[in-house]
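Here is the structure we will look at.
Which chain is which? They are A, B, C, D, E and F, in the order written, and residues in each are numbered from 1.
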Amino acid sequence: MAKKEKPDQFIDDQSKRIDGREINELREVNIEVGVLERADGSAYIELGDNKIIAAVYGPRELHPRHLQEPDRAIIRYKYSMASFSVGDRKRPGPGRRSKEISKVSKEALESAIFLEKYPKSVIDIFVEILESAAGTRTTCLTAASVALADAGIPMNDLVVSCAAGKVDDEIVLDINELEDNFGDADVPIAMKPNTEDITLLQMDGDLSRDELEKSIETAKQGCKILHEEQKKALKERYGGE
Amino acid sequence: MAKKEKPDQFIDDQSKRIDGREINELREVNIEVGVLERADGSAYIELGDNKIIAAVYGPRELHPRHLQEPDRAIIRYKYSMASFSVGDRKRPGPGRRSKEISKVSKEALESAIFLEKYPKSVIDIFVEILESAAGTRTTCLTAASVALADAGIPMNDLVVSCAAGKVDDEIVLDINELEDNFGDADVPIAMKPNTEDITLLQMDGDLSRDELEKSIETAKQGCKILHEEQKKALKERYGGE
Amino acid sequence: MAKKEKPDQFIDDQSKRIDGREINELREVNIEVGVLERADGSAYIELGDNKIIAAVYGPRELHPRHLQEPDRAIIRYKYSMASFSVGDRKRPGPGRRSKEISKVSKEALESAIFLEKYPKSVIDIFVEILESAAGTRTTCLTAASVALADAGIPMNDLVVSCAAGKVDDEIVLDINELEDNFGDADVPIAMKPNTEDITLLQMDGDLSRDELEKSIETAKQGCKILHEEQKKALKERYGGE
Amino acid sequence: MEEVLAEIERNHVLDSIQEGKRVDERNFTDFREVEIETDFVGKAEGSARVKLGKTEVVVGVKFEPGEPFEDKPNDGVLITNAELNSMASPEFEPGPPGPEATEISRVVDRGIREADAIDLESLCIEEGEKVWMAFVDIHIIDHVGNLIDVSSIGAIAALMTAELPYEKYELDPNSTELNIQTIPVSITAQKIGGEIIYDPNHLEEEIGTTRVTVITNSNQNVVGMQKGISGDWKQDEILEVVDQSIKKGQQLREKIKENV
Amino acid sequence: MEEVLAEIERNHVLDSIQEGKRVDERNFTDFREVEIETDFVGKAEGSARVKLGKTEVVVGVKFEPGEPFEDKPNDGVLITNAELNSMASPEFEPGPPGPEATEISRVVDRGIREADAIDLESLCIEEGEKVWMAFVDIHIIDHVGNLIDVSSIGAIAALMTAELPYEKYELDPNSTELNIQTIPVSITAQKIGGEIIYDPNHLEEEIGTTRVTVITNSNQNVVGMQKGISGDWKQDEILEVVDQSIKKGQQLREKIKENV
Amino acid sequence: MEEVLAEIERNHVLDSIQEGKRVDERNFTDFREVEIETDFVGKAEGSARVKLGKTEVVVGVKFEPGEPFEDKPNDGVLITNAELNSMASPEFEPGPPGPEATEISRVVDRGIREADAIDLESLCIEEGEKVWMAFVDIHIIDHVGNLIDVSSIGAIAALMTAELPYEKYELDPNSTELNIQTIPVSITAQKIGGEIIYDPNHLEEEIGTTRVTVITNSNQNVVGMQKGISGDWKQDEILEVVDQSIKKGQQLREKIKENV
C-alpha cells in the first residue's frame, strides 16, 4: 500500500506550516446549529477536513432503573467514526480508542452541566465523524457543547476544545494529520472559557516542562477563537445580542 | 471445490422441470402435527428435501417487563438453520439473512393471531431447518402456522406460504435449488387462504409487471394446495370433519 | 514450534517419577489465607508450579432480582486463566473448558455451604490462575474452599480436591504436566474430608473398573494431605487449636 | 403527558388522511423533496448525503482489494451495511444492528444486486485471487420516515460518484473499472386507514398498518419487493403499488441522474 | 397455580421412588426405549435422529478439509457442539451455549476422544498441512431428560454412518478413511431420595440431588466420568454405578450396532 | 446500614484532608510503599507482582512471532491489556473491559510507547513479514486505589525482566533483542476539597473530584498525560503536578531499578 511520508520540514522559512497556516492559526472552522429534526439538540462542525455531527437527546428518564442516580442526571457520550471517514476503512463498532475518548469527553462535559437539576435522568450525546482529519476528539467536544446548548440543557459555561502540538521544535496550534502522524507531541485540552478551567487534558509525545506549559497556553488560545465561533453559530440560530 | 452448474435448460420439450415436475406442481409435501412433547404446539414438515420442525411456546408472561405490551401479546419468531442442513457447513448463530427472515415471518403471522387476547404476553415460535433445499422461509411459515394451531392459539385463519419463480421465461411454482440459484426470479408469498390476504411478499430477480402478477397468482395456487395439507394434518391429529 | 515429547518411561527403577516424586507423593504445597484487602475472603495456593489466587465476595444481594432464589443463596464460580499462565498465550475470556470447570466446581462446593441461611443472596467465588502446571481445577477448588472459610461463610466442611492418574500402568497421585499430557488417565475428585463424600468427580482416559477404584482411593489420600495444609493455613491466620 | 401529546398527533395524522390529505399537505402519491450532495467525504471513494424531506442519510463507499467468494471467482464483492445511528431517533439504541437495520441493508443490497447495477465482473483484479470489495456504509442520521427509499438513493448516488483507489493500492488503472449499469429505485407505500400513501413520514409510519417496497430498474422491470410490518395486502393493491412505483421510479431516477 | 401443579407433580415423582417404583413404571435401573434413525439429512455427511423415550436429538456430521493443530500435525480434528434448541424446553433461552450445553458437548466429545472411537490419524490428508475436520453438531429438540446419554448415542450413530465427501473437495478417496474403532456408551445415574435411578426423565432430574455419568468403551473399560449437579456421592455408590454402566453400556452398544 | 458506614468513612477521609493530613498518616505528596517481585511466573517471558500499599497487580509478558502492521513493517508490535479482575473490588463485574479498564491499558501503553521504552525496531525478525509481538497483560487483583500508577510499574518491570523465547520458536538468538531504553513512570494526583494529593487510595478516589496523571521518562521530560474524572483543573495546578511528577518520577524510577 502506498504510504504517507514524513515531510522534510514542517515549518518553512516564512514560518508557514505545510498547509500554509501560521504557527498559531486554526484551520478553517464552520459551525451550524440545529441541523437535525429528531434530536433535541444538534450541531454540525467542519474544522479543516473534519466533518462532524453532534446530537443530544434528553434529559430523559434512564432505563433500566438500577443505572439511575437518585440526585443527578448521568451523561452518556458516544464517539463514533464512520467506517468511510478515514483512509483505510474502519470496522464498525467502538474500539478501545473510541471507548477511551468517549470516557474522557464525557468527563470533560460533566462539570459544565447542572446535573443535579435532573435526578434519575440521562443526557445522551452522540457524535459521528463523517470525515476525520486529526483533532476529532477536540472538535467533537466543541460541537457537542453547542448541541447541548441547542437542546436547552442548562450549563455554567460552554466547553470548547482544541489541541496544540510540537513539530520542528515549535509549538503549533491545531495540528493537522501529517503533524499528528510525524510530529513530536499532541496536547488536546478542553476548557470552560469563562474561568479557563481545564476539563480535558491528554498528551502524548515528548515535551519538556516548559514546552508543555507553552502547549497548554497555545491550545487555550485556540479554544478562545473556537468559543467565538460557537457563540456566532448559536447567535445565528437563536438571535440575541 | 466442485460446484453446481447451471443446467442448459430448466424446462424440457415435454414441459417437465429438471426434477420431473410440471410447471404448476409442488414438490412432495408431508406435514405432521404435535411431534414434540415439551412444546405447547409443534409440527414437522417435509417439502421435497426440506425438513423442518416448528415449535410454539405460549402465550406466556414476557420478561423482562419493559418489553411487555399492555394491550396485546408480542410474537417472537426465530428462524434457524442447523449447521449441517446445507452443503457447506453453516456457522452456528443467526446471520443477517436469518434476522431478516425472522422479521418478515413474524410480521406475516401477526395479523392472523388474536394478539389482544393476551396482554403482556409473548408467543414464541421456533423453526429449525434440519435440511434445506430452497423454499425454507415459506415452508417454515407453513409449519409454524400449524404449530400455532396445535398450541391452541386463537387465529382468524391459518397462514400458508409458498414461492413462485421464473426460469426459461416461464413462471413456475415452488422453485427448487437449481431453479433458485440459476433462475431469474423468486417470489415468496404468504397468505390467509380464506380472504386471500397477502401477509408476506418478497421478490428478487427481474420481472416485468405482468410476470410479477403471474408469479403472485401462481404462488397463491401453491398456497391453496398447501392449505389442504395443513388441514389434513390437523385433522389427522385432532379428528373433526 | 519446539514441542514437548513423551518420556520413555514415567517411573524409573527406583519407583521415582520424572519429577523425583514417589507414586503417592503430592507436589510441594503452600497455602496462604487472607491475601487480598478488598475481598471478603481470599487465599493463595502454590502446588508445584501452579500459582493461584482465590477470592470470595458475599453473601451479598443478587441483582438483577429475577435471578434471586427466594429460599437460598446462589453460588457463582469463575475459573479464569491469566493469558500468561501457560506456554502459548491464552486468549482472554472464558472458553468452553473454563465454562465446564466453573460449572462442576460450583457444584462441588454447593453441598458444603449452608445456602439456606442467605436467601436472595449470591456468593461469588473468583479463582485466577497466575501459573498453570496441571491440576488447576482441583487446586483452585482447594483454595476456594479456604477463601470461603476466610470470608466467614458457614460450611458443614471444607472441600478439598486432588487428582490421581495412570502412567506406565501405575496409579499415581497428583499428576504433573507430562503425566497429564502423555499419561493414560486423569481422575480429579473433590471431597468433604469429614464424611469422605465426593462432590466432584471427572475422569478421562482408559481405566479398568479396578484401576478406577484405586484412582479414587489414591486421590482421596491426596485430599487428606491437602486438608491438613488447609487447616494449617487457617490456623496460621486465625490461631485456635 | 408526552404519551397524550403523541396520541393527539397520531389522531391528527389519521384524521387528515381520512379527509383525503396529509399533514404536510402532500397528495397520497407525492414524494417529499429530494436533495443529493455527492463527494463530500474526501477520504471515501464515493459519498452522498441525501435528504428526503427532513429524513437524512450519509452514505460512504470504500474499496479494498480482497479475495472473491469461492463460488464467484470472477466477481467483485459488494457489502452493504445500514446503521440506525442513535442520533437519528429517540428510539434507536446503540449496539449491533437489529432487525430493522438489517432489513434496510438487505433490501438496499438486493436492489443493487438484482438490478445488476454494478458490473461485478469488471471489478475482478485477478481471477480467483483478488477482486475489489465494495463496502457501502449507510448512516441514517435523521429519521423522519421512509428509510429504505432514502437509503437506496444514497447508496446508488455514492456508488455512481465513486472512483477506484488504484494509486493507494499500487494497481493498474486499466485492469478494472467501476460500471454502473442501471439505477435501481425503491418506492415505498404504506397503508393507513384503508388508503395507500407513498413516501410516509415517521408519524405516518407509526400509525400505518403495513408497508410494501417495490424496486425497479431503468427498464422499468421489478427487481425487488419487500412487504414489511404486520398487516395484509390484497393482490390488487400490490399491483396498484407496482404500477405507481414504475412511474414514480422513473421520475426519481431522472432526479438522481440530474443531481449526481 | 402452575407452580402448585409443578409441586404436586414433583411430590408424586418422589413418592413413587420411595415406594420403589417410577412414574413411568420403570425399574430403577431401566432405560427408556431407544429409537435410532440414521442418514436422514441428505446434505450432512452423516446424521442421526435419536429418541430415548420422548427425549429427542438430531445430530449432523459435516467434514471439511482444514489445518491440523500445531501439536498434532497428523491428526484429523474433531469438533463437537451441543445446542439446547429453544424449542426443546420452556427453560431454554436463545443465545450462545450456556454451562449446561457446554457440559454436554464436552462430555460427549470426551467420550469419543478418550475411547479413540475415531482413528484421527486416518483422517490426515497431508501431514501438517491438511486434515479432515469433523464437525459433530448435536441439536436437542425435545428435552424429556438425560440429555448426555441421548446426545452420546446420536453423536456416535451419526459418525458411524458418515462418509467422507471426497468428490466435493476433489480429493482422492484412497487417501484417507473414517474408521470407527469402538462405540463409547454413556450411562447416567441420578440420586433421588437416597435411591439411585438410571436414565432419569426431566421430572426426575428436577428433584434429583446429584448425577453421575460413566462412559465405557467396547472393552468395558471406563473412558470418561462426569459428576454433575450439587450433592454428594459415596465411593461405594460410584462403584455401584460403574458396575451397572459397564453392564448397561454393553446392552446399549448392541442396540446401537443393530440400528445403524 | 452499609451505606451509612460508607458515608461516615468518606466524611472521615475528607475531614482528615481538610486538617492537612491523610487517613493513613501520609503527607499529601507521599506515595505508599512499593514492593516489586519479578520473574515469578515461570511460563511467562516476563512477569511482575507489584504492590503499592495494598493495591496489587500481576503483570505477565508473552512474546510470539507475528506479522507487523502494514505501515510499520520493521517494528515489533506492543499490545497492552488491563483487566479489572472481579476479585479486585466489589464493584468490578465480569465481562469485557469497560471504559475504566480501557483507559488504564491505553494510558500505560501510551507511556511505554511515547517514551520509546522498548526499541520496537530491534524486535523485527524479518522485515515486513515477521516481528515479535509483545503481549503485556495487566491483572489488577486488589484495588486499593491508584491503578494507573501501579499498572505502569508492573508493565515496565515485567518488560525489563522479560526474555525473548528464541528456542521455543526455533529462532536465531542473535537476530533480535529486547532493549529497554528508558523507564517511563506515571504519577497520579487527585483533587480533594481544594487540595492536591498524590497516589490516592480507593477511599480518596471515591471522594476526589478530579484526577490527573503525568508520565515522565528518564530524561525527566513529559511523555504522557491524562486527566480523568469530571471536575476541573487550573493551569497552575496542572503545572504544579507536572513539577512534582518529574521529581517523584525520578525517585520511583530509582526504586524500580533497584528492585528489578
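The rule we apply is simple: contacts are C-beta pairs under 8 Å (C-beta built on N, C-alpha and C of every residue); 3 or more make two chains touch, one makes a residue touch a chain.
Just so it is clear, the structure is predicted and the values come from calculations on it, not from any experiment.
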Path length in steps (a step moves to a chain that is touched) from subunit A to subunit D: 1
Chain located farthest away, centre of subunit C as origin (C-alpha): D
Between subunit B and subunit C, centroid-to-centroid distance (C-alpha), Å: 51
Rounded Å distance, subunit E centre to subunit F centre (Cα mean): 48
Gap in Å, rounded to a whole number, between the CA centres of subunit E and subunit C: 27
Gap in Å, rounded to a whole number, between the CA centres of subunit E and subunit A: 58
Contacts with 2+ other chains: residues of subunit A: 1
Residue numbers on subunit C that touch subunit E, as the complex places them: 1, 3, 96-97, 99-100, 102-104, 106-111, 187, 192, 195-209, 212-213, 216-217, 220
List of subunit D residues in touch with subunit B within their complex: 70-71, 97, 99-100, 102-103, 105-106, 110, 113-115, 210, 212, 217, 221-235, 238-239, 242-243, 246
Touching residues on subunit A, where the partner in the complex is subunit D: 1-2, 36-39, 42, 49, 51, 53-55, 57, 60, 78, 80, 82-89, 92-93, 124, 126, 128, 130-133
Complex contacts: residues of subunit F adjacent to subunit C: 40-45, 47, 54, 56, 58, 60-62, 64, 81, 83, 85-90, 94, 96, 135, 137, 139, 141-144, 167-170, 202
